[in-house]
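Paired with subunit B in one complex and with subunit C in the other, subunit A is shared by the two complexes that follow.
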Partner chain A sequence: MSANNTAMAVRYKNNFLKELEDQAEMGEWIKMCMQCGVCAGSCPTNFHPGWDHPPQEIFMMVRAGRREEVLTSNSMWMCTSCYNCYVRCPRKLPITHIMHGIANYAHRLGVAPKLQPTRNFGKIFWNNAAKTGRVNEVMLTVDLYFRNAEGKFDLMAGIKKALEMQSIAIGLVKAGRLNPLELFGGHKCKDQKGIQAMLKKARELEETRKALKAA
Partner chain B sequence: MARKEYAFYPGCSSQKGASSSNYLTSVQSMCKTLDIGLTEIPDWNCCGASIGYAEGGELPRLALSGRNLALAEKHLPGLDVVATCAACWLGTREAKERLEHSDILLRDTQIALQEAGLNITVIPEVRHMAEVLIEDFGYDALTKPVTKGLDGLKFAGYVGCQTNRPFGIDGESYENPKYLDKLVESLGGEAVKYDQKVTCCGGALAFSEPEKAHAQIKDIVESAYDGGADMIVTPCPLCQANVELYQGAINKKYGTKFNIPVLYYSQVMAVAYGSSAKEAALNGNVIRAKQLEALAGK
Partner chain C sequence: MTSIVATNQTILVVGGGIAGMTAALEAAETGKQVVLVEKNPWLGGRTAQLYRYFPKMCHPTCGLEINLRRLKANPRIQVLTMAEVTEITGTAGDYSVNVTLSPRYVNSKCTACGDCSKAVSTEIADAFNYNLGKVKAAYLPHDMAYPQRYVLDPSIIGTADAEAAKAACKVDAIDLDQQTETLNLRAGAIVWATGWQPYAAEKITPYRYGEFKNVITNVEFERLADPHGPTRGKILRPSDGKEAKNVAFIQCAGSRDENHLRHCSRFCCMASLKQTHYVQEAFGDEGKSTIYYIDIRAIDRFEDFYQKVKANPNVSFVKSKVARISEDKNGDPRLWGVNTEGYKRYSEPHDLVVLAVGMEPAVKGMAIPAALSEGIAADSSGFLAMNGNTGVFGAGCATNALDVNRAVQSATAAALRAIQVVNQVARAEN
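What follows is the complex of A and B.
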């Protein structure tokens, strides 16, 4: 467990709800949940194995102070951002964003499941987009397939996954929708410097605000 | 009708050589016919997409969208921003709402934007291309330029999630939006009964958790066949890619024989408006739409 995680757990002692209200995006909405279960019945990921807890259960667990169980759960990472729950919730909770917010918080604390594939993909995606201002789909694929969850280059795993995807990739190249030359640069914004400075500043401001709340 | 002008936000996936470049080509053909002027927002950046939450956090995401909005306002004042990608549209529109509703977020975003030499004063409207077609033109105006009616062709209108929720188009219901069906009908085609119209395809989980996404996509394709559709038509680049590209993998896993073309509404419209197969970017589909190619070649 990271030092930051321990510090936060101590700071908020037995009030996990308050912790998420302060520290997770849209966390202040969680207390509005009335446990009706509509979201659980609407969530597509719920129909397949592998999803631990639908939003309703996560919110109940937050209130019950089951901190570690929530933060280390796979559930939030399974969210496909389909907004089904979001438009159906009778209490108008922005559920999609709350799930993302808790996931992001767990990621920041370093306690989210290490090998969670969507956590990994989300990180690769953001870094890819933030680097030049635009997504480079070829590098995205390479990073996704050839790096393991710790970001180390894994040749064998990459080859195995790439082979599985080969027919898809060939189809895309033929259809002009995947350009291998993107490996050597590809699309980018002109003002990359400005974008990076802007993102750095945004991150600092957000961290400062959150730290102030915990103070 | 007078030419209509918009500030265009194409999104990463529409760029040359990227996964939905055929979307862009067909949108351009469609817009030529309808006399829609699209001026790209100079130096626009990726919005971070829905999946950006993991690493991005809230303010950096707002800054990304804020930069696009500020650039649009600066270089293309007074124009609505139009996106073709559902995720770009949703992310940018959400950013607009948050910035308009929270002084703190707006203040912080402005400070971040200063680093890129930008500033927000009035945030433009943020719209999806399908919204523009239906609200600024309307079905009658969209029927007028038809030179090759889609008679006898059957379409399953796959709306997906993010073009539909949470904002929706034209005040339609979330459970059964009809605009895509009506659009197909105004081109002379038949919109089949399709009960997986708003089912999620798995989104970005198709990359990270393919098993789960494949199960979703299987339902979506199966239902199109059940309705008797010749092809699927969609407004969203990731829906298009997911539903088209994984049919082979699904066939292998489930023993199905899926091979149904998945098109953008703009491709279908371009063909109905008399564009060539190339202008409608039909060569950009991995599963080729032979019936449309034949119609375009007539």
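What follows is the complex of A and C.
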């Protein structure tokens, strides 16, 4: 548990709904849910065995103050962003975005399930793209696949995966979508420092806004 | 030509459903002159299309019949059927109204013997039964229709069928030369009681209404259960005529939904609770009903009714708004969703699905005549909201989603307001 997580838990003692309203993107919508169940029933991951809680249940858990269970749940990360729930919700809750908001908040607090595939991929993709302003496809696949079940670097696992997917890789190279030389650097955007400064500033603004709400 | 006596002390009632009839009767019984205008060839509106009313489970043949008797006995009410108001000008106490009358092709000599119907071979969709069946193109809209007079559908005019109907009539009641006519009348006050229409269920795409034959609406279910309906009161599902012993009711089909109707339509919970009685009545303990709901809103004093249905072991309740419907190979609609009580996923087949569709005001999208639209506004659901400085008053489901009981109350209130306006006119002239 990170220090930030503890701080937030203390700050919003017993009021997890308020905490998400202040700290998670779109969190202010959660209270509008009327528990009809259309989102849950419309979800394509509905009958997936690995799915902890449907959105409707997550919203109720938030209101019931089950902070630990919600933040460490894999549910928000299971969202495929198909937007079925979003368009069908009778109260027009932006459910897809709320799910992403809670997921992001859990991630920032460092309590999200570490090796959850969506989160893992999201993290690798972000770090990759934020560095140069462009996605380095080769390094992305290396980061993603040269790992064992515990998330540690694993050469053999990577080679195995590479052999498994070689026809796809060759296809991508032929189509000009993947350049093997990217392994030694790769393309960047013109103003790399500018991009990084921009992202830093955006993060600062977000932190200030959330800190104001928490104050 | 139709002749109507109307002055600026006349009250015009637009719409001849339960609210319009009530407003007309209440005003006429206080001694006012009333003109009642109805679009259909018969009075009674959607109330006449019910099998039974809640909470007493009596038939409209009883409740409506009382109103029809009051109406027949009252010389101060002039009824115009197949008539629509097309223009209103003027102000409170002095309106000029244009009414367009569509030809019925049958005059007042009709004895409702049915000979014309037998002579005609063309069949048209049965509007009274929500198009679930067919009727002859010379038809009595329904058994207790008022006026008890046949109607010739305009589609057969000019054909041999129309001539056959005319030849079959022994009392010379068929007049094929009738034309559309426009009447101009005066009125001091207007009661606008144009009622409601069931929400277009095909717009709720995940329920596949119109595509799956065994997904029907609550108003259609009323006709299925009614002995005067297309199945003579047998609850048979449309796809294969099998007895529907396992019926699912989906509440809030369209209502309480920002994508469809914003408002709670109020009557649908009670209507579905009532309709579980039909299933029980038809099949006894073999008849199973399942109500899928967000929360049951047994309005007003009807909690007791709800509790009684709840105690029936053949009726089950699932707290969930159904997410979607699919169809099994044998034609069974299958309901998919997540039960809010325990968040358990379900996928249940039923014989028949009844969508408890909500009320959409009939005025929504209607071209409201100019003088009328000055005095009124629509709320966010399209129901009429009056501003008070006018001689036009809304009544019944034109103003809000109401059950029969409340529509009658609303109509009585509107009649009282209209009476006050014409009373002022009368005093000014004395």
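Everything below uses one rule, namely that the second predicted complex is superposed on the first by the 205 of 215 C-alpha atoms of A that agree within 3 Å, B and C clash if a C-alpha of one lies under 4 Å from a C-alpha of the other, contacts with A are read in each partner's own complex, and residues count from 1 in each chain.
Going forward, a contact is a pair of C-beta atoms (placed from the backbone, for glycine too) under 8 Å apart; a residue touches a chain by one contact, two chains touch by 3 or more.
Owing to the predicted nature of the structure, the values given are computational and were not obtained by experimental measurement.
Trainee: Put subunit B and subunit C onto subunit A via the superposition and say whether they clash or fit.
Mentor: Pair status: fit.
Trainee: Consider the C-alpha centres of subunit B and subunit C from the C-alpha centre of subunit A, and write down the angle between them to the nearest 10 degrees.
Mentor: Taking subunit A as the apex, subunit B and subunit C sit 70 degrees apart.
Trainee: Quick one: is A:129 in contact with subunit B, with subunit C, with both, or with neither? Answer first, second, both or neither.
Mentor: First partner only, subunit B.
Trainee: Give the label of whichever partner, subunit B or subunit C, reaches more residues of subunit A.
Mentor: B
Trainee: I want to verify one number: the closest Cα approach of subunit B to subunit C after the superposition, in Å.
Mentor: 7
Trainee: Under the contact rule defined above, give the subunit A residues that sit at the interface with subunit B and also at the interface with subunit C.
Mentor: The answer is residues 47, 87-88 of subunit A.
Trainee: In the complex, go through subunit A and note every residue touching subunit B.
Mentor: For this pair, the touching residues of subunit A are 25, 44-45, 47-48, 50, 77-78, 80-84, 86-88, 97, 100-101, 103-104, 107-108, 117-123, 125-127, 129-130, 133-135, 137, 144, 164, 167-168, 171-172, 174-179, 181-182, 187, 189-191, 194-195, 197-203, 205-206, 209.
Trainee: Which part of subunit A faces subunit C closely enough to touch in the complex?
Mentor: 34-38, 40-42, 46-47, 53-54, 56-57, 87-92
Trainee: Flag every residue of subunit C that touches subunit A in the complex, lowest number first.
Mentor: Touch list, subunit C to subunit A: 206, 252, 256-260, 294, 319-324, 336-340, 343, 345.
Trainee: In the complex formed with subunit A, which residues of subunit B make contact?
Mentor: 12-13, 15-22, 43-46, 48-60, 62-64, 67, 104, 108-109, 111-118, 161-162, 165-166, 174, 199-200, 202-205, 207-209, 211-213, 215-216, 245-246, 248-249, 283-286
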